[in-house]
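Down below are the structures I want you to see.
Common to both upcoming complexes is subunit A, partnered first by subunit B, then by subunit C.
Showing the complex of A and B:
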């Protein structure tokens, strides 16, 4: 049974790998055949080779570290603030009723519209980019925290009272652990939004970072830098997401929902 | 020699009414004394305020009028030390293993890790959960999960154990066997037990005394003594007295249950 299941997973992995390989191969052939011009896009094999060169030369190490640091800061701040705010809002009925419609419409607001304002307020340093990443991510965390806390069974709340836990310990030891799978959804979204927020902001206006370097290379028709960096961003985002997905599966398997 | 362990005087609970809606009179007025070490069961029609009674004694709810005393001290919406509660709903912590669930309260109390481990192991053995110590609740049946909750409560050595229809979600055979285990644990711990149930046979089999509650607002209509020996198990259901007591309970309850169903009692 177990063996059969793992075989099933392996088969899905094989199909997925084959599909990706076919797309890459098709791109490679189209580029090599000249149907996609070199000025539009170099062949994938060349992109990988160029990325390797860039990584080895260390010319982009500063930009990579700068962007990843900003993403991590935006992400961590969004998770801490989001979970904290979610826990407080959940306890405070009036606040919840007031804020719920705002959360529902929040993602209709183009956060980037605030970017010029942030630059005026905080200058061209890292702060405006981190702030954009944070603002994109934080509400997803709040909404999913609230969703998780809404599902805590009354019997667990009563149990917390029988153990005479105060509100903070109840949140830390009972309600938030119960809500963990829902929080995890928020965390996954926060990773994606932090990446999008920071790199997007770097694209628009900044003096460093991967987004800035990609945009700079684009303006200079420098495909030998632009495409490898795009690939690098894709690889980074995919790796982080796959890792989270793996953890989530483990967590859910324990809770009997894997 | 009997010592009063829990004492309720003129206890009344009314819900709502402050915000303009009509208030709901859920419970009372009700007087009750539980003797230290006795097994007391409460039966009554559904919605009669049985759970409210338990919550008021546990300190999970406040009384609207009247007083509740546990070991001579007033319980007024604060959870007293020495009280354990098992709920009908599954209250296992799904993110902790069986051992982790049972250790939860001990860890909160700041007990040394080695002592916690010893107590948890003992509770696990006592409840027949040894095989499942490292399992998560999701891997267990409903009966097993309820055992975990009972073990989690007992490991704290409560002097008063409140059970709110703990076997409500279990099948009949499991209920009988869990009932036997409960009797054994009651004898071993010497705790006072208050069991809320809607199953008359369960109440008769387990309890020293059975309180019969009226339809809402819940009042005590009758208290029936079973006079069972302390050493007993589920086999007493074959005792002729068992049938007589069950019949007497049903006699008191029938009218009340009909009221709950919105029917007028049939006049013979």
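Showing the complex of A and C:
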């Protein structure tokens, strides 16, 4: 049974790889045949070659580091603030009642619309971009933390009380570990949202970073820089997310067996 | 009865808290950074009474409506097809998840190169944002349908179309509605982002120009309008959504 299942998943992986390879190949052929003009898109092989050149030359290293630093700051702040806020809101019923409508509609609000305001408040430095990434990510962490804490069995909390654990020890040793799979969902979303927030904000208006460089290259019709950088962003986001996706599956599988 | 007005009371408290915070932020940061709540509402009403603003609004509204129809139709179709075929779903799911989590704004130059500057590019960009989440949710909704229902449809020898029409779709409806709710918000964001670049009309364009001119009044009023619209529709959809989930 188990063997059959893992073989089925492997088969899906093979099909997926073949499908992606075919799409890339088709793009390559369309570009080479001139059906997609060079002004619209260079062939994938050329994009990869240009990306390699850019990475080796080091011309974009500054932009890459700047973006990654901002993403990491936004992400870390969102996870710490989100788990902390989640734990507090969970214990404080009235606060939760008040915030529930906000959480329910939060992701319907175009957060980018606040970006102009942040630029006026904080200037064109890194702060507005980090703030957008943070704002996109933090609520996902809060909501998933609450979701996880809601599912902690009463028996565990009572056990903590019997052992006279304080609120912080209870959280560190019992409730947060129990809620780990839900927290992980929040963390996973936080990664994606900090990427989306920071790069999106850079793209809209900023003076540096990958989003800025892509927009700059677009305005100069510089496909030899634009496409490789887009590819780089896609690769980075996909790699990080797929790693987390598999990690989460493993975590859930272990929890299921345990 | 008590239950039914509680959410309304919570929302009222939240709105009051936001207004107080907003006013406090204004006192702290000053007029060059933001406008106070009352003034912003008044200026928003003023904008809404001018015809030039309405032409921008109509432009955004039209692009958003078309993008939403495309996103929901294609998303439902993709989700349904994948959900009904186990192997296809396994093949496609990680790809869809990856597409969901990439910063799609970086793809916008490609959309502009393909569609040219103008309305189609905005629509395409809005639809791109919406299709993936609608497809993911629909796919999972169909995959998670109680197998007994599917077996019953088979026992009753329903044709494929009738099985979808009378069994699968109604069974998955609450989840499908959730997917449409999420698709709505993301398509709106996508359309607005699309308008911020390579566009001469629409609310996104107004925002972008206002940033350039540091026109705080316009930024605040347009942002407020967008937030009110998004939060209003989303609350409505959420109410229907919860009703649907309760019914099942």
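Please note the rule applied: the second predicted complex is superposed on the first by the 247 of 258 C-alpha atoms of A that agree within 3 Å, B and C clash if a C-alpha of one lies under 4 Å from a C-alpha of the other, contacts with A are read in each partner's own complex, and residues count from 1 in each chain.
Basically, a residue touches a chain if its C-beta (ideal position, glycine included) is under 8 Å from a C-beta of that chain, and two chains touch if they have at least 3 such contacts.
The model shown is predicted, which means the values in this text are computed figures rather than measured ones.
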Subunit B and subunit C placed together on subunit A: clash or fit? fit
Margin query: Looking at A:180, would you say it contacts subunit B, subunit C, both, or neither? Reply first, second, both or neither.
Written below: first
Once aligned on A, the angle formed at the Cα centre of subunit A by those of subunit B and subunit C, in degrees rounded to the nearest 10, is 100
>> Let me test your reading of the model: by the given contact rule, A:254 touches which partner, first (subunit B), second (subunit C), both or neither?
In response: first
Across subunit A, the partner (subunit B or subunit C) reaching more residues is C
With the two structures laid over each other on chain A, which partner does A:158 touch: subunit B (first), subunit C (second), both, or neither? first
The superposition places the nearest Cα atoms of subunit B and subunit C at a distance, in Å, of 14
The intersection of the subunit A residues contacting subunit B with those contacting subunit C is none
Subunit A partner, complex, touching residues on subunit B are 58, 60, 79, 83-85, 87-91, 93-96, 104-105, 108, 136-139
The answer for subunit A against subunit B in the complex is residues 153-156, 158-159, 161-165, 169, 173-174, 177-178, 180, 254-257
The residues of subunit C that touch subunit A in their complex are 6-7, 10-11, 13-14, 17, 29, 32-34, 87, 90-92, 94-95, 97-98, 100-110, 112-114, 182, 184-185, 188-189, 192-193, 196-197, 207-208, 210-211, 214, 216, 219-220, 222-223, 226-227, 230-231, 233-235, 238
In their shared complex, subunit C is touched by residues of subunit A numbered 8-9, 11-12, 15-16, 19-20, 39-41, 97-102, 104-105, 107-110, 112-114, 116-117, 119-121, 191-192, 195-196, 199-200, 203-205, 210-211, 214-215, 217-218, 226, 229-230, 233-234, 237-238, 241-242, 245
